Amino acid sequence: MKKSLIALAVLAASGAAMAQSSVQLYGIVDAFVGTTQDTIKTPGSKSQTVVESGGLKSSRWGMKGSEDLGGGLKAGFKLEQRFKSDTGALDGVNFKGESSINLSGNFGTVALGRMGTPYDDLRGKTNAIADTNLSPVGDTIKNAKADYTDKTDNTVAYVSPTFNGFSGAVAVSFNEDKTDKLDATSHTSLKLQYANGPLLVGYGYQKEEAKAKGGADDSTFNLLAGSYDFGVAKLVGGFQTAEYTVANAQVGDQDSYYFGVQAPVAKNINVYFGYVNSKYDAVKAGDDVKATGYTLAANYVLSKRTDAYIGYKNIKKENDNTGADQGKYTQLAVGVRHAF
Amino acid sequence: MKKSLIALAVLAASGAAMAQSSVQLYGIVDAFVGTTQDTIKTPGSKSQTVVESGGLKSSRWGMKGSEDLGGGLKAGFKLEQRFKSDTGALDGVNFKGESSINLSGNFGTVALGRMGTPYDDLRGKTNAIADTNLSPVGDTIKNAKADYTDKTDNTVAYVSPTFNGFSGAVAVSFNEDKTDKLDATSHTSLKLQYANGPLLVGYGYQKEEAKAKGGADDSTFNLLAGSYDFGVAKLVGGFQTAEYTVANAQVGDQDSYYFGVQAPVAKNINVYFGYVNSKYDAVKAGDDVKATGYTLAANYVLSKRTDAYIGYKNIKKENDNTGADQGKYTQLAVGVRHAF
Amino acid sequence: MKKSLIALAVLAASGAAMAQSSVQLYGIVDAFVGTTQDTIKTPGSKSQTVVESGGLKSSRWGMKGSEDLGGGLKAGFKLEQRFKSDTGALDGVNFKGESSINLSGNFGTVALGRMGTPYDDLRGKTNAIADTNLSPVGDTIKNAKADYTDKTDNTVAYVSPTFNGFSGAVAVSFNEDKTDKLDATSHTSLKLQYANGPLLVGYGYQKEEAKAKGGADDSTFNLLAGSYDFGVAKLVGGFQTAEYTVANAQVGDQDSYYFGVQAPVAKNINVYFGYVNSKYDAVKAGDDVKATGYTLAANYVLSKRTDAYIGYKNIKKENDNTGADQGKYTQLAVGVRHAF
């Protein structure tokens, strides 16, 4: 009780202006009308009209801030909640988007909490369709077999400063699952990149350990990716390999490549195209999978904070030994995105 | 990782003032001490002392904003979370109150997401007790049989401009439940109204489809309602009909009428009275129900943002064939409402 | 629909400046890297590396405000959500930290909702390690048997003004569990304190009723506690007794004492020590328990809003009849806390 009163007294003394300099409230509301059909997940399902959230970017709101501590040192934080704008439902855990605190200085940045991995940062920078949800890359790779974990809990991360265009980042995420008989597992992710003017090239590595009865169930990802901005168009692309083990025995590997092009075709209008091909080569005979996907999209920039968009995504899956059809996913979306 | 750093850099550049012009944080905290008894739901239950949330308006917090896009075009959004102020618990889904994005201009407004229906807007405007939770109207109609759905997910809505006092709105909400054998269902809601000075009259229609094995389980609502502000008092009232089908066969209909009066009786003091009568006429013999309810309330306006209130709500339910008592609901509330 | 449009219109008219004067967005992000081991809860468990939330203060965000109603009267509110900064997960109910509304004036303060109890306020003011989560006091007492409930729902509270250093507070929390056969139960909490310059002494009482088949399962807590600030160091301490009944029969009582010292040892550096001893004397022979705990900690103040810290907490539990070891809890934490 008394605590509340004191808090209110402090509020009165500090004033609103001071309060507002320490935190920024921000977000994105993105919704579209469209049609979706997914015969990969549900064979026989029909195309239906939907109102959905996050055609371009997942709807979110958050709080973030940065404090100058003097001597070049800074403290910062970011808390970001994801939700479905079509229903108002929470999309996963409370601050699924990010929940982190960091200290930065000449030495770089050290961060604690839940956040995107360094690997995810490189995939994002080189993703097709401006790294939006319309990109076919992640969905197609997941449909072939699996893709990397984009955000991790219990993470300690370090991001280096940039030296002559070179920079790097590494993150370890503790699974905190040690028992009296088994050691704890963890995720490790790192990124090295070179950025100079219109060019970006980078290498990413991510190893995801999971506990298993008979040994380790691990996934290991490697990525070589880049982008080049020609002015009239920007090209992005990458090549990713993945290896999967169950109980320490390899069960398969997955090779994926993707590219994208985006171009400003008129004032306030951009068009985007992206393509991805992913093959899962199973150790078990006859279980190979091939998935391919593409997206064609355009957006109309209404302001710095708002744009309207249209996009069509198409993913096909087939058995890569027999060529047997395993379904397709299609999405047509016409929507609007607003940032605040 | 790197993404966060970039975001922080953007924050530093934009400054807090700019950030604050794009979003407004708002809310209502409403709590009361009182007694409640509900022998309709729980026969034999006793009256007990409670601390509850939302005597007048459901406690909420939200974010909203509007952006001028030029040329008369605007973009806007609203995200509103409901909670119980007595326990801090979330009341339903994350943004149960509203989760929407809209574009508006000379053509009217188009909105996407979760929001109140046009029908609900007319019922709200003509509801007794200033459309607060103390109103007996909705609770009594629900106790007789059922009432309309006030907010819908996956909604596309259009609100017309006003022409000489006339305006209208229509919304379609997609249930996104199409299967390989059954078509998708939806909710449709519309409103036509005429407002001129102290007078408001309107008509509302809402059809709620639900999927059923043997056919459709539908509810159809019609509302004729209005209000007139005499200055010394404001009168509101309406007449609502509802028809219910199960597996395409009509199971009953429900007629309800309600009225309310509110008057400023002294400086900063208003008194309110509301009455509602709802009869459910079942196709099945002997199952007719009658429910009547009334509320007497007063509020003391402490400021533009804060008022104290007292109210008493009484609902009685009986078998409309035999007159047999089916219980009552009573609530006495003394509370305070604060908006921010 | 139309409601939203009206709301947006109001927003445009009021402007952001006015909006920001009525609510303050605030919070704490606290995360640490460390090791934890708990063989009290899980015998045989090993020490493991963790990233956790809230080494000093539970991570939180909230909204609060105060409005001057004129004539010395004020309205205020506070809504506070707790979360885990290491995962972004919600820690309990939506506004677990606080969900309250209050009116205050010359008569004192009356508050409604969910909030900390007056008893908790006194324990907090006299808690070791500056009332942070590193304090051994609560954890040790809970491990011996049980501790008081720090926050209650459905609460009506009154906080008196201060008369010559004396003040008091009382709160009643309704469990709202009346049935047709059993009366409702409730929690009652009160506090009396005297504060004068460097001295604070206080008495707290809290009775927690729970419904039981054979009678009442009650817990009654009494606390005598104080603090004295010598300038070079601040001492805190208290003595707490607890009595537990099951079905109206006493099952045991628990005596606990604790003390702490904190001192500014250098510019921007503080060190802290706290100790607690708690004995549970069971009516049933042979079930007596003794738990002791201590914490050694230090923090480095980086700014008014940010500090780095290190702390080590150690709790031991044993059978107080036989002296048999019942496990230990240890935690080492190196972290950072940032308030916004």
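Going in written order, the chains are labelled A, B and C, and every chain counts its residues from 1.
Here is the rule we go by: a residue touches a chain if its C-beta (ideal position, glycine included) is under 8 Å from a C-beta of that chain, and two chains touch if they have at least 3 such contacts.
In this text the structure is predicted, and so the values were computed from the model without any measurement.
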Chain-level touch network, classified as line, ring, star, complete or other: complete
Degree value of the rotation bringing chain B onto chain C, based on Cα positions, nearest 5: 120
Same vs different contact residues, chain A with chain C, by half of numbers used: different
Distance from chain C to chain A - Cα centre to Cα centre, in angstrom: 38
Of all residues in chain A, the ones touching two or more other chains: 20, 25, 65, 76, 98, 100
Contact footprint of chain A on chain B as seen in their complex: 1-5, 7-8, 11-12, 16, 19-20, 22-23, 25, 63, 65, 67, 69-70, 73, 75-77, 79, 93-101, 103, 112-114, 153-156, 174, 176, 178-180, 184
In the complex, chain A residues that touch chain B: 20-21, 24-27, 29-33, 44-46, 48-53, 59, 61, 64-66, 76, 78, 81, 83-90, 98, 100, 102, 104, 109, 111, 115-118, 121, 124, 157, 159, 167, 169, 171, 191, 302-303, 305-306, 335-336, 338-340
